[in-house]
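Below you'll find the structures, each written out as structure tokens.
Look for subunit A in each of the two complexes below; its partner is subunit B in the first and subunit C in the second.
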Partner chain A sequence: MKALVGALGAMAACAAIAQQPRSPAEEIERYRAAIGEANPAELWEARGEALWKEKRGPKKASLEHCDIGLGPGAVKGAYTVLPKYFADSDKVEDLESRLVTCMVTLQGFTREQARKDPFGGPGKKVPMDALVAYVTAQSRGMKMNVSLDHPKEKEAYELGKRIFFYRAGPHDFGCVTCHGSDNQRIRLQDLPNLTKAADAQRAYDTWPAYRVSQGEVRSMQWRLNDCFRQARFPELEFVSPASIALTTFLAHSANGGTFDGPGMKR
Partner chain B sequence: MSDPMKIRATMVGDKVEVKVLMSHEMETGQRKDAKGATIPAWFIQNVSATCNGKTVLSAQWGPAVSKNPFLSFRFSGGKPGDKVVIAWTDNHEDKRTDEVTIA
Partner chain C sequence: MSAQHVDLDAKTVAVLKSSFKANGQATLDRLDQDEVQKLCSGHDLAQPVDKAVAERIEKSQQATIKYPQGSLLGDWKNGEKIAQSGVGKQYSDDPTAVAGGNCYACHQLTKAELAYGTIGPSLYNFGKLRGFTPETQRYAYAKVYNAEAFSACSNMPRFGYHGILTEQQIKDVVALLMDPESPVNK
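And now, the complex of A and B:
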């Protein structure tokens, strides 16, 4: 037994010499590089493209005439200007909200039907995740350029900023508790300091993302919903004005960054 | 009907490098759902790759392969323009076949 322990000790020593210890973040980067070409989000993109062109709903219409920011049918680069103010719905909308609007106006779904299944799960594929993956992928490599020219856009930004800094709930948490200073982490996950442009860009530019641990593509709406859950806030309703306001604040903070989604997360 | 595979086939030197992303749940049969009932096993069992009709890869998979699996391999004897066909069969007898032309 002693000899075995000795041998194991020697092996551990060799391994330590051969391999310099890396930080968890570096290990995760290495893992991403190793499977980077194989982002399963591409499967969602392909399914989303088919859904985009498919005639669905009571009106048997496709989403190909949906205006998601750059005019009806324009998908290329559209995600970089979202959220933005839309005159037809008279409100600021993010991508998910805009897809819901188009499902209602073009395809004839009721609003309840269109927003019934916002997130996929085990054995449950939902159209929203796939459409989000498809549309965002068409903005890959382009610079984020969210405007605050319209008063309602400015209003959403200011509201989102207040939500970001607002502390509440049983733990007196706010977004800013985890995302307001450098070098914070939850377990092994380094958290971006979203009050700094570089961190905000890196974070926003890689969502939506395929979560390896969940085997699903997760949208920005999901990300915020889960942040609210972790901070013990009341549930953030899907495509609610609060969720869009917070997205506007985060997206504008990431302006100038090159969009690189759908990304891949642990 | 399952979703299409994403296949890339490119020349790397004199060999053809094929990269395949498959869409599949790959349930192990070991997991339980929220009610405690076992989720039945559901996974890809056989994978084959052919180049112009000739088999270049044949594999038997089990439940240890991940969800939405990624397969990468190289073979010799292919050239640009050749057609690579990937096919899988799972334990529910569901099948999927997709093809790509070597770039």
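And now, the complex of A and C:
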């Protein structure tokens, strides 16, 4: 970790004396080179694997029998089929939602307990971030393959698409404001056009991600929550129906892309 | 539109309302769309907004613009601060803090600021290119006040109409664009 902190300091110093602004993508590449190709998300992945196997909750059970899409206990490749319809909950669920479901059904937590503390922060490590990092890492290198065969999957996709284009609030913003055209940026931050397959793949395939500026692994649920904050919406609730519908739209738009998360972002 | 689409549109609103919670100044009524937002939320972006609809939006929004008495030219230095600041209306913002317009998030303005976005067009040399006329000042004021009056379904927020910026702040932004001494025109 010392080397990591040193690298961060060096990067900040370089940024301060830089004459030409580098794009965030270039800065990330420099950072990655400085820490020897390692992604700090690996620390979350290791912690998540331990949590996955640990007997937790009132039922003192692990998550090893959790069905996250490819049957109970199957982790490898499971993220590539999410979100999907689950018969036991009769709902379309994304990874975070499914982890909540398993924490309730297998481990005996209340839904409220399982949903609280969805995102880590300074001095606060939460199980959810680590579990998300662990599970998603087991799909690295595999193709996204989200199905819309079930009527509820199709409906979630259609609702998610409408949410993507829904403009509201004091700034008239919607997802589409920043993510509906090619080659745009906010300040120096490149914006993917999420209505196009190639951009949707590049974006979706690299979340969750270790955020260099925050020192945290951030999940897709966090990404959506923070986008809506910046869009001046009220607060998107963790694993809410709108968040899962929007994720279904985005994940399906990224189908065919090779999953490469957890990634590393500015 | 088919009955299925109408159902899905209604369900989208219901799903949104069940999925957000109020947080500070960002209350749930922000999910309620006004007519412009509704008309500009079409889910097939391949289709540009219908010409008749665009004209209707622009006409209705023209009528909302309130021009101040006297000079429209404020202080460009304060305008630059407003252009730099993205504070305002997020639930994470202090609601008593002075809000910004965050112009640089989407527009190039001065030569000195290299960290500008590209969602909107470059506004470098705005006044110099268009002429330092009262008409252009008036246009700049109105455009910042309510961009939908000129370009239906624009990505640009309606800074005056929604009360994001005050009248004086919009005048300061107009000065940033229109004062011959502003770095925008250097």
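Rule of thumb we're sticking to: the second predicted complex is superposed on the first by the 230 of 266 C-alpha atoms of A that agree within 3 Å, B and C clash if a C-alpha of one lies under 4 Å from a C-alpha of the other, contacts with A are read in each partner's own complex, and residues count from 1 in each chain.
We take it that contacts are C-beta pairs under 8 Å (C-beta built on N, C-alpha and C of every residue); 3 or more make two chains touch, one makes a residue touch a chain.
Computed from a predicted structure; not experimentally measured.
In the overlay built on the shared chain, the residue A:74 is in contact with neither subunit B nor subunit C. Touch counts on subunit A: comparing subunit C and subunit B, the chain ahead is C. By the touch criterion defined above, A:197 reaches neither subunit B nor subunit C. Looking at the shared chain after the overlay, A:43 reaches subunit B, while subunit C stays out of its contact range.
By the touch criterion defined above, A:162 reaches subunit C but does not reach subunit B. Of the two partner chains, subunit C is the only one that A:188 touches; subunit B does not reach it.
Once the two complexes are overlaid on chain A, none of the subunit A residues touched by subunit B in the first is touched by subunit C in the second. By the touch criterion given at the top, residues 8-9, 11-12, 15-16, 18-23, 26-28, 30-33, 36-37, 40-43, 45, 89-92, 104-106, 114-119, 148, 155, 157-158, 162-164 of subunit C touch subunit A in their complex. Partner subunit C is touched in their complex by these residues of subunit A: 20-21, 155, 158-159, 161-174, 176-178, 180-181, 183-189, 191, 195, 228-230, 232-237, 240-243, 245.
Those residues of subunit B lying in contact with subunit A across their complex are 3-4, 6, 19, 21, 23, 25, 67-68, 70, 72. Residues 35, 37-38, 40, 42-43, 46-47, 122-123, 215 of subunit A are the ones that touch subunit B when the two sit in their complex.
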